[in-house]
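This report concerns only the one structure given below.
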Amino acid sequence: MKLTVYLAGEIHTAWREELTDKVRTLDLPIDFVGPMTDHDKSDNIGEIVLGEQVDAIAKDEAASQINNLRTQLLMKKSDLVIALFGEKYKQWNTAMDASAAISLQKPLILIRPQALHHPLKELSNKANVTVETVNQALKVLAYVFE
Amino acid sequence: MKLTVYLAGEIHTAWREELTDKVRTLDLPIDFVGPMTDHDKSDNIGEIVLGEQVDAIAKDEAASQINNLRTQLLMKKSDLVIALFGEKYKQWNTAMDASAAISLQKPLILIRPQALHHPLKELSNKANVTVETVNQALKVLAYVFE
Amino acid sequence: MKLTVYLAGEIHTAWREELTDKVRTLDLPIDFVGPMTDHDKSDNIGEIVLGEQVDAIAKDEAASQINNLRTQLLMKKSDLVIALFGEKYKQWNTAMDASAAISLQKPLILIRPQALHHPLKELSNKANVTVETVNQALKVLAYVFE
Amino acid sequence: MKLTVYLAGEIHTAWREELTDKVRTLDLPIDFVGPMTDHDKSDNIGEIVLGEQVDAIAKDEAASQINNLRTQLLMKKSDLVIALFGEKYKQWNTAMDASAAISLQKPLILIRPQALHHPLKELSNKANVTVETVNQALKVLAYVFE
Amino acid sequence: MKLTVYLAGEIHTAWREELTDKVRTLDLPIDFVGPMTDHDKSDNIGEIVLGEQVDAIAKDEAASQINNLRTQLLMKKSDLVIALFGEKYKQWNTAMDASAAISLQKPLILIRPQALHHPLKELSNKANVTVETVNQALKVLAYVFE
Amino acid sequence: MKLTVYLAGEIHTAWREELTDKVRTLDLPIDFVGPMTDHDKSDNIGEIVLGEQVDAIAKDEAASQINNLRTQLLMKKSDLVIALFGEKYKQWNTAMDASAAISLQKPLILIRPQALHHPLKELSNKANVTVETVNQALKVLAYVFE
Amino acid sequence: MKLTVYLAGEIHTAWREELTDKVRTLDLPIDFVGPMTDHDKSDNIGEIVLGEQVDAIAKDEAASQINNLRTQLLMKKSDLVIALFGEKYKQWNTAMDASAAISLQKPLILIRPQALHHPLKELSNKANVTVETVNQALKVLAYVFE
Amino acid sequence: MKLTVYLAGEIHTAWREELTDKVRTLDLPIDFVGPMTDHDKSDNIGEIVLGEQVDAIAKDEAASQINNLRTQLLMKKSDLVIALFGEKYKQWNTAMDASAAISLQKPLILIRPQALHHPLKELSNKANVTVETVNQALKVLAYVFE
């Protein structure tokens, strides 16, 4: 059995690489997918595809529809979603993706620092599992294959 | 035809009263439901129901499960969801509820100040309609009955 | 038993009034809903709600999202959809709405002139019933209550 | 990860070949499926299977049911739908297929010339992404794999 | 609580009247709906709506689509389906409707004479309850309200 | 807004009456439904409907199908499920009904004594809210209407 | 692309072999599944698994549940269903399976002799395609791959 | 065709090994998945992942969410569920998993000793097939491939 896991959230740190490397070390049969992690490219993809837009709002709208297409497509092909909240940024996309995973009945692991416990308490209650570190999420993944 | 509308998000301003009053003035056949807007009660409902908890985390977990039950129940009975993002707070619950509405195929109106355009661009792209004021949302509601 | 029927398509002729009047004459317990039939208002609703837009495309985008919200909401509350194709216009919205009705497992009556038989043959094959006149659709409605 | 993409719409130009060739050049792991693009065969398939029919209407009905079976089967196996509207023809099948894709929660890319902006504004608003050329759609496909 | 019950199957005996009368005597809050029970009308409804058809097959096709619309609409509004098989006729419609009820997750009561036990054993296994008489079905209905 | 609540589980104590009385005192707009609480009738309903059966197993099979029909029908009409586990009996039906409620996306309140914490930990984790007394469940119900 | 096709209905003639052979000759990438075609084994499977039953009814009940499990499992894994009605037998299972396929949104090809046109007219109207011979069904399958 | 089968229930006897061995002997193409069968590990997995918890209840809650994630993920990837009830323990998880399988429309085989007939009669009625031994379940599996 092979799993596909969507890695939602935080794109400014290297947590995806950390998780992917450790999963490879353990030799777990998992494929990872996720959003565009090059922030500039993610913001500019609308103009890359459609050409220059009239203003910043049109530019954002063009980018967001392509990013949403990517997320919808890849999340649907996934068996599990891991969503990581960092300490910075508004991260409403992360909350949106995590909630979509729940509605799609995809199991959800939430990674968030202890400091974010209170504002994330409702989302945490809906997630299958809430952890604080990538290592803990890794242990959950490993457990599924034991 | 009567509609039930769930008002998600921001609980620190009186936007629900503003909308409800105006809808009454226009005599539109709409019932409004929504989350507990008394912030203290919302935070304490777990201990109100279950008694004192061992620590703040247990208290939050107890509250969040009851708030989630309320939201799930009332949103399912609604025909439309309006989600309002204010300028402050993390508001991950608002993003979570808005995303759940989309997944439940409930039409969604997003109200957010222009200043939040960029961080909400993906959610805005998924919403049916994005507006900036309660008055604009009201106009959309009125249009459905014309 | 009361039915709600969504009347999709053609907004330049008075077929909705014709059907509604005849249903009232027969005293059938049917409520009708449908799109905005004032064409100008339908095209301008985006600017009515959101204010003047930068160009015709932005104006259309603003209008279309509000019209789509209305259609999604009203069709979901309906038990049956009737879609009428006239001789003029591109009418892609009508095809879109008829197809959405099929996907939502709402029974669909298609009204179209004989002349449109060939280009509508696949949609007609998917509809429950295809007729040529409003009177024939009326007979189908009446039959449900016999 | 391999994707299957359904190419709906316009069968009188070589846009499918153009897209398929470019995807091969980029070495993207995509399989394409779609409707019968030999127009005569598509119109005659009813009689090819069932023998001569009594009149043109029966012939069309026989053909449409087989074309619909093909579309339903192949679209269900697809991860993404691309629908192209050309300048000519009524193209109600294209609108029907695009709307079915949306209802099946398949991501949808709409390709249409700028000239068709207004009559397609509601469908465009429902599509994930709207572009004007095959090349732009290609860029969206490539982006999913980056 | 009020229930709507769809009465599928056999239209040549008065079992619907028998059940309806007894339910009224017991004063149970049940509305009954079902297919057209005037056999001639059911066979002719296609021509009644669409005018004379070219042959018996076209006449049947016209009638069947209207009968299917009626069944789909009324069954969807029902809370429970009762399907009765008599001793005569092929009754494939009854099996089709009973199977549709199961797929729609509507509870199903099957009424069939003991003599039909063997050929109906798979359908009976899928039904919630199988009985032999209208009186027995009545007792099940009454039990729901106790 | 009126709610319908299904009361699953334990039929040997008067907890349903306790809850119903208190809800009436608070004047909450809630209708309660649930399984047959007369244990003998529940065990004998198969023979009451179908006549004497060949052995105890056939008698049980006859009863269980009618009880399952009742549960399926009433739970589907409910907005919320409350499931109570007592100290005695195997109560596999209660676990089955609670799990069905979760799968149907009905909010679920679990009532169980502290002593049953460990064997019910997985079901409790899936329930929206777990409490220990009828009074606590009542407070949750009341909170939905505040 | 590979398809799995469920062959429902008639088990007393060799139509499955005929179709399978021809598909192999055309080298179409299709796997066929279907019910147990050894009639005695199908009738006796309950006793083969569970041992001798008390009477013919218990024997049938035991067999039917295992046959239904097989059908449910294999049909769910299929992309398309072909259901063949012969001239003899009651064939209610065939109607049940065909209707289940429709409800599962699996494309359905109905094969039936012209003589059965009238009693199958409603099921035929719901099927995607109705043909009279195995050869015609084969042509439809081949068309999907062209 | 390859099947994936989830083996729910009883983790204190070696029934999974018995079934797996026999399936291998028969060379049936079946992959088995299931819950963690090391009871201590299953109870401690919460602390293994998250570190020491404040009390037994928090420890159980931490474990149950990870066990539920595992079950949800593996059951969704399965084609069939086999649930075994032994003579001991409360086994509410087994009832919960069996009921979830039914709701997910996964075929379900129930294995239980004759002695548990009465308390499991409703669950047994909902299962596709109820047997008493692993050998009998094996025969059902083998039958699917015949």
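Residue numbering begins at 1 within each chain, and the chains themselves are lettered A, B, C, D, E, F, G and H in the order written.
One rule holds for everything that comes next: contacts are C-beta pairs under 8 Å (C-beta built on N, C-alpha and C of every residue); 3 or more make two chains touch, one makes a residue touch a chain.
By chain, with names taken from UniProt: A, B, C, D, E, F, G, H = YtoQ family protein.
None of the values given here were measured: they were computed from a predicted structure.
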item	value
Contacts common to chain D and chain G (chain labels)	E
Set of chains whose contacts include both chain E and chain B	C, F
Rotation angle (°) superposing Cα atoms of chain A on chain D, nearest 5	90
Result of counting contacting C-beta pairs for F-G and C-D, higher pair	C-D
Interface sides of chain C and chain E: same vs different residues, half threshold	different
Rounded Å distance, chain A centre to chain H centre (Cα mean)	31
Length of the line joining the C-alpha centres of chain D and chain E, rounded to whole Å	40
Euclidean distance of C-alpha centroids - chain F vs chain H, Å	24
Touching two or more other chains - residue numbers and ranges from chain C	65, 68
Which chain pairs touch, all of them	A-B, A-C, A-D, A-H, B-C, B-F, B-H, C-D, C-E, D-E, D-G, E-F, E-G, F-G, F-H, G-H
In the complex, chain F residues that touch chain E	4, 31, 33, 36, 41, 45, 48-50, 65-66, 68-70, 72-74, 76-77
Complex contact set, residues of chain D against chain E	54-55, 58
Complex contacts: residues of chain A adjacent to chain B	56-57, 60-61, 63-65, 67-68, 71, 89-93, 95-100, 102-104, 116-126
Contact footprint of chain D on chain G as seen in their complex	1, 3, 79-80, 105, 107, 109, 128-132, 136, 139-140, 143-144, 146
